[in-house]
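As written, the chains take the letters A, B, C and D, and residue 1 is the first residue of each chain.
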Amino acid sequence: MAMQNPPAALTREKLEQVIEISPFTRWVGTRITHFEPGRVNVEITAREEMNQHHGFSHGAIVGYLADTVCAWAAASVAGDVVTSEYKINFLSPAIGNVLTASGTVIKAGGRQVVARADVYAVKDGVPKICATALATIARV
Amino acid sequence: MAMQNPPAALTREKLEQVIEISPFTRWVGTRITHFEPGRVNVEITAREEMNQHHGFSHGAIVGYLADTVCAWAAASVAGDVVTSEYKINFLSPAIGNVLTASGTVIKAGGRQVVARADVYAVKDGVPKICATALATIARV
Amino acid sequence: MAMQNPPAALTREKLEQVIEISPFTRWVGTRITHFEPGRVNVEITAREEMNQHHGFSHGAIVGYLADTVCAWAAASVAGDVVTSEYKINFLSPAIGNVLTASGTVIKAGGRQVVARADVYAVKDGVPKICATALATIARV
Amino acid sequence: MAMQNPPAALTREKLEQVIEISPFTRWVGTRITHFEPGRVNVEITAREEMNQHHGFSHGAIVGYLADTVCAWAAASVAGDVVTSEYKINFLSPAIGNVLTASGTVIKAGGRQVVARADVYAVKDGVPKICATALATIARV
């Protein structure tokens, strides 16, 4: 859902600055690949230390991506936000050298923003959905 | 809920072996502090590289702990499992040098196990709840 | 997501028969408005006895619609199913004389189907989204 | 969690008055069986028109009970509230002539309250858990 960019909203430039001072986000190596009010996409390069015992990316990384794009999509319309809660369904193992995630605002209310995310594992250039999430992000 | 330990269930010894071959779980430094059929507790030492930009442990780490104790509590009664989905509510910032999590099986069905988790941040020895979660774990 | 209609899948005719023997579904007055493998839409006429104290349709009716279209969309590809769990976000009051809901299968796995739903309140012919949900539906 | 009853909180008397003007709640026949700040229990008598096609109480009724006790438990500490979202896991069929539900506040924050609920079906006087839920309730 395309949205106007109100004064309080986070810009891409500001978000890049937040990433610089976010240790875990930097450890993961999160890169913004799309940014518009109400929609943010990211990607990461999967590394071995992110894996679980079957050799896939751990669900924690998938959950991180889902939460992150929901929060950033919310911030793109609402400025400072914090995740209240999310629910995530794992759909298939995260097998791939790249993981991408797309977050979309469904409703931006006065005090909270509801957003959804899809996470994909990209193997040999082919993306496959591995999780979908629904989140409530609070304005702060 | 205390439960019998059926033949297929994961033992603590087997779980410790799984941890050894789980890169992300080792990166986090997850330690089992309690293990009985239907209930598993863990703790980790919070490190700077796990933080978000305000200096607290990132929600991804909190989510990891919630998912992990739900899955391990489920495995303690059901053996091999995989997380189908979970929902997590963040209750307060994860401020503390140690994080703990407790997972409890609510219902172990024929094909899936429902479990809940609480995550605590321990600061100066005082635990404060920072998240609660409800998960569906599938038998495999 | 359009899907093939496997032998075990529920047909619209069979679903209409199930509705006939489902007291609560009949009490609500649920009508199927679209049926294809992987996607089912319904509508109901809001009645006063379905309301909460502010005069809107009660969240229980909205939740019913979300759960129903997720389960029926899942049944349209998987046959007999039962709802394992769902999560619903309420986005705006359900104000309108008609409520509609659309359920879509996101992933049909071997043992469970993940589906999402949107619920709309239609006032003066204008639909407004009032809830969105994400559900796990188990094959039986 | 026992809590102080702040000035803005809903009293049992006020809640009984709200029930009187809530058509769906009256249709269900909801009775408060316990009320203290942070914890509310209710019960209903299951009727045939609440059933799904297998002759159990419909999940919509179970979901209604879970949502209701979460919202009322939240109101008992926070006054006027509205459900933002909830997630419910169905654990067993709701078979019984009475259904009960218990809602408990986990955390009452400045703008939202997180609560959990358990729903039981009582058959021949024996309660069996049929669902558990986790909800975010917003102050209004």
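As a working rule, contacts are C-beta pairs under 8 Å (C-beta built on N, C-alpha and C of every residue); 3 or more make two chains touch, one makes a residue touch a chain.
Predicted model only: the values in this text are computed from it and were never measured.
> Return the chains common to the contact lists of subunit A and subunit C.
B, D
> Return the chain whose centre of C-alpha atoms lies at maximal distance from the corresponding centre of subunit C.
B
> Starting from the mean Cα coordinates of subunit A and subunit D, work out the distance between those two points in Å.
Here the centre of subunit D sits 33 Å away from the centre of subunit A.
> When the centre of a chain is set as the mean of its C-alpha atoms, what distance in Å lies between subunit C and subunit D?
Subunit C and subunit D have C-alpha centres separated by 22 Å.
> If you average the CA atoms of subunit B and of subunit D, how many Å lie between those two points?
That gives a centre separation of 28 Å.
> Residues of subunit A that contact two or more other chains, please.
84-85, 87, 89, 114, 136
> Where on subunit B does subunit D make contact in their complex?
Answer in residue numbers: 87, 89, 91-92, 106-107, 109, 114, 116, 129, 132-134, 136.
> Which stretch or stretches of subunit A touch subunit D in the complex?
So the residues of subunit A in touch with subunit D come to 84-85, 87, 111-112, 114, 136, 138.
> Please output the residues of subunit D touching subunit C within their complex, sorted ascending.
Touching subunit C from subunit D are residues 18, 21-25, 27-28, 48-53, 58-61, 63-64, 67-68, 82-90.
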